[in-house]
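Everything on this sheet refers to the single structure shown next.
Letters A, B and C mark the chains in the order given here, with residues in each chain numbered from 1 onward.
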Amino acid sequence: MKYSQNIGKLMHKLLSELFPINRSITGKGVRDTLSIISREIPIKTTKIKSKSKVFDWTIPDEWNVTEAKICTSSGEVVVDFLDNNLYLMSYSTSVDSSMSLSDLKKHIITDKSRPNWVPYSTSYYEDNWAFCLPYNFVKKLNDDNYQVKIEATKKSGHLEYAEAFINNNAKKEILISSYICHPSMANDSLSGVVLSVQLFKEISKLKNLNYNYRFLFAPETIGTISFLYNNKKTIKKSIEFGLVATCIGDKGKFTYKKTRNGICNIDRVINHIFNGRNDCNPILDFSPLGSDERQYCSPGFDLPVGVLTRSIFGKFKEYHTSADNLEFVKDEYLKVSLDLYLEIVKIYEANCIFYRKEPHCEPQMGKYDLYRTIGGGGEDNINELSQQRMWILNYADNETDLLEISQKSGFDVLTLKHASEALVENKLIFKKI
Amino acid sequence: MKYSQNIGKLMHKLLSELFPINRSITGKGVRDTLSIISREIPIKTTKIKSKSKVFDWTIPDEWNVTEAKICTSSGEVVVDFLDNNLYLMSYSTSVDSSMSLSDLKKHIITDKSRPNWVPYSTSYYEDNWAFCLPYNFVKKLNDDNYQVKIEATKKSGHLEYAEAFINNNAKKEILISSYICHPSMANDSLSGVVLSVQLFKEISKLKNLNYNYRFLFAPETIGTISFLYNNKKTIKKSIEFGLVATCIGDKGKFTYKKTRNGICNIDRVINHIFNGRNDCNPILDFSPLGSDERQYCSPGFDLPVGVLTRSIFGKFKEYHTSADNLEFVKDEYLKVSLDLYLEIVKIYEANCIFYRKEPHCEPQMGKYDLYRTIGGGGEDNINELSQQRMWILNYADNETDLLEISQKSGFDVLTLKHASEALVENKLIFKKI
Amino acid sequence: MKYSQNIGKLMHKLLSELFPINRSITGKGVRDTLSIISREIPIKTTKIKSKSKVFDWTIPDEWNVTEAKICTSSGEVVVDFLDNNLYLMSYSTSVDSSMSLSDLKKHIITDKSRPNWVPYSTSYYEDNWAFCLPYNFVKKLNDDNYQVKIEATKKSGHLEYAEAFINNNAKKEILISSYICHPSMANDSLSGVVLSVQLFKEISKLKNLNYNYRFLFAPETIGTISFLYNNKKTIKKSIEFGLVATCIGDKGKFTYKKTRNGICNIDRVINHIFNGRNDCNPILDFSPLGSDERQYCSPGFDLPVGVLTRSIFGKFKEYHTSADNLEFVKDEYLKVSLDLYLEIVKIYEANCIFYRKEPHCEPQMGKYDLYRTIGGGGEDNINELSQQRMWILNYADNETDLLEISQKSGFDVLTLKHASEALVENKLIFKKI
């Protein structure tokens, strides 16, 4: 099996290793996750103390849990957190008590619309406890005096996030942002993490890149807010564009949600690529409902960050349930997603603006061996390479980039880039820096 | 019967009282009309002497008429102005003469396309006399020596217009402009007058308004030109927007004709409202043919004034004939029209721009009791109120107004305004002034 | 036969006289062509020495040819350049040699897709020789030892182009550009030349023009580059707009290819005209593939120059073959094309911006005898001339030109121009200069 065929499998294997960990926005699950990632690629971890202020927010205490069970009066274990860490609402407090079914139900969260799946729930900022269970399972529970036991701690500690960085000595950087706070769900959160890890490896192999690359692995919302808080003075200047990577391993068509501005270069590049494919949904406008783009695109930052998923969060039925599992995400979907991210990188890197030192009239192409020497026959008879060069020479005006030339001419960006090389070598055009 | 159900009746009653008066651009008819209006709402009347210059125009002499008749040679009265003041062309000069039918016909105006109705005609600025009669009636007149008698005067006097003003101590004002120069026609001219009177009463009851309100009752064209002449130095600065109110009592769908600029806030507000209704015609671009918007939108003023009618002038068959009568205008149409004008006022008043003192990232909504504390479930599970607040917080950027947020989010302006209140109270957003 | 009916015949007659000449980018053919043109209209010829540098290009040596033949071994002449000067590739070098059919074929150019026609070919900048022959003709050539004779010279001399100028003492000029380098083809190149000649005559008769007119007759590409080189310091300032005139005598619908900028006044004028006709193709965006617009619209110049053809170059099957002949171009097509160019000139000349010294409210039109004095009846009853004047008066705002008023009002530019005249005479509006 070739390496390239193998990549999807490698990504899925990493995902399977990460899947069982009980992650939340702080605690051991985050550390275990970062430890596995650090085995794959070099990362730098940042810790922020509990109770620290990050903008309007306060970092919560660390939450760790060792046990969470419901037993019948006869001692039978009917729910055990060790079977599925979604059973316990994230940040649940300790409890050790017996109670009637009706009292227990005040602490049970179900989703009647998806009755056989465990729903995912959290209560990060208010003390509370709950079990999350399939609606049909709860329906069958007998009236009984249940013994409920949760062993959990909330203690001062740290919130942690990590960055991997590819330094190409560039002035600006591209950010790929994924989140590491979700417990056992495969597509939401984890698919973005394994895509980021593999993308880091692939981009590291590329030469002559114009941008640095930063990969952020942070708890959603509070982690990203912490990252932004720590970089608030520089990020507006340093970022070229960013993408939130999540929900990228299912079979759905690709979905792009634009930056808040909507007309950034990353929006143009992805629009260019989506127009040439048939596995993409219509592009969505920005909205302040969603994932970490809510923070990147808050009015004080308004960064050029979009979201690139397959089925977008909230819009597939397995979302935020136990059905978002290792079968829902497949090797081949991960692989095609990785290829798309790489294509974006390559086209973004290829895009540039040219200018000419002698911009009057066409150059005499024959002199440079860049044109057929037997003329006549008209436009249709000029070979495509010559046509591409004519387009580039005419729009080597210090203003028009290859993306726009692509739109005008119908030739794609990488083809135009290739056609430009001989023009650059002959000093007929120069790259605007 | 409730007050609100009663409003249409009240409006129609006032209209019926105004209908029989023989109005023109000057004279007793105008004074009688303003006298009735002054009984309803407080107005301030402005007089301009005949022969005064207002821009390129000269105020004409006052015209008053006491008698206008056509009798047969045997003394039978066949046409009497007292039966319908449309019979006499406005500003007709005196005549007392007998003449053949063919000579009389040189002074008869008919409308063959609407053969049973009296057409409306005027000759304000050139001495002339004429009777306006149904085409079918004139066809049946026998050859005879007719006695024609018109007792009319054109003497130096005044042109008069009146203003009602609601002072909310605001910097800018909203203008509702109607005209009082048309004789017995109900939809054209008068429906706008009674709508203005009632709108004055309704707006007077509203609290915490951001604008002052001015209601102009003026003879069309020359009266409005006089008003503009008297306010030429201030109106460009003081006016927030204006609407010409006329033809607003028939059963036709609503018609909005945009301001000359076409993208003023009033255009945006009405577009927003029309999009949510099914009783509206497609919005029309400005044209310099029409009513008093011709003056407001002349290039020297170019004011943000639109026209809001039901069937627009010139586009319903009863227009400018005796068929534009008290049956053509109905209570319920007047009432719904009033409601629409009030809705415009409310949405215009509600629209505003917010900003945040800490615009980085989202605020921690839980702290302010503004968000469900149990998370998860994604975008679809966030209740609508939370979604509205997210939209407002993201676009509290000192640039985007509620109208634009409404367009982006799909939530309507008044709903968003309501959702913003708790954010304002918690000092999470501030209103740009 | 009236003169106007005769014009098409005159144009075709001139075309027939020019057709047989063996033109190329230099040499006797060019001089003979200019000599005939100079008999029709006054031209000024500019000569540039061989080897001169014009921007990136070098003027080639003059090419002249006296004989070009292929004979069989038995002495039979199978191809003679005197029969059709397309038989010889332009700028072929001398040869006098016998060779096998297979060796000869290395110097034969055919076009299999148009097998019965002679294709047109050139090799201006590389020494080479070739015959251009119908594919079906070549297929039938017997194996033989052919005697090939070309008597041609490439010697230092001149490249020549000519200009005709109509001086209206204006600040800016309009350029009509045609090319004179193609041998016996009628639609491509020559139809543009005869249209230019006749257009010169017609425009010379017009009075009170706002622009000067320049007609360029130059070898395509290198000639136009030479013209631009000689005028590089002034042309950007002096040119109002330009049109490349070619392929304008066939039966195809009209085709307009926009300026590089795409929103110049000439683009707006032609869009206006095309919208009112049914013999026009959809307007094309600029592309850097085509004729002399490639030079005019190179980034260093970026002049407001479009291309107006019937079937555009490269898009009709006779293009660049012997089938582009005197039958392919017809009198009546030439005549309608001339009319279209003249209409463009007239509308462009008519277009202007007005302003008012008293821009507040409407003028009192009755005072100037410019309005019906009996009012009423509304918008529909205002006659069209009054409506046109209302449009002009409202948009006499020192910003809006007649073209835009035309678009807003639906009245065409020349009608509006006519309606404006009385307003100008009455000093109600003034032309912005």
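Heads up, the rule we're going with is that contacts are C-beta pairs under 8 Å (C-beta built on N, C-alpha and C of every residue); 3 or more make two chains touch, one makes a residue touch a chain.
The shown structure was predicted, so the numbers you read here are calculated from the model rather than taken from an experiment.
Enquirer: Please classify the inter-chain touch graph. Allowed labels: line, ring, star, complete, other.
Expert: Contact map by chain: complete.
Enquirer: Which is it for copies subunit A and subunit B: same residues on both faces, with over half shared, or different residues?
Expert: different
Enquirer: Quick check: superposing subunit A onto subunit C on C-alpha atoms, how many degrees is the rotation, to the nearest 5?
Expert: 120
Enquirer: How big is the gap, in whole Å, between where the Cα atoms of subunit A centre and where those of subunit B centre?
Expert: Those two chain centres are 55 Å apart.
Enquirer: Residues of subunit C that touch two or more other chains: which are they?
Expert: Not one residue in subunit C touches at least two other chains.
Enquirer: In their shared complex, at which residues does subunit C touch subunit A?
Expert: 54-58, 89-90, 109, 111, 119-126, 128, 130, 221, 225, 228-229, 232, 260, 285, 287-290, 294-295, 297-302, 313-314, 319-320
Enquirer: Can you list the subunit B residues touching subunit A in their complex?
Expert: So the residues of subunit B in touch with subunit A come to 356, 358-364, 366-367, 373-382, 387, 390-391, 393-397, 408-409.
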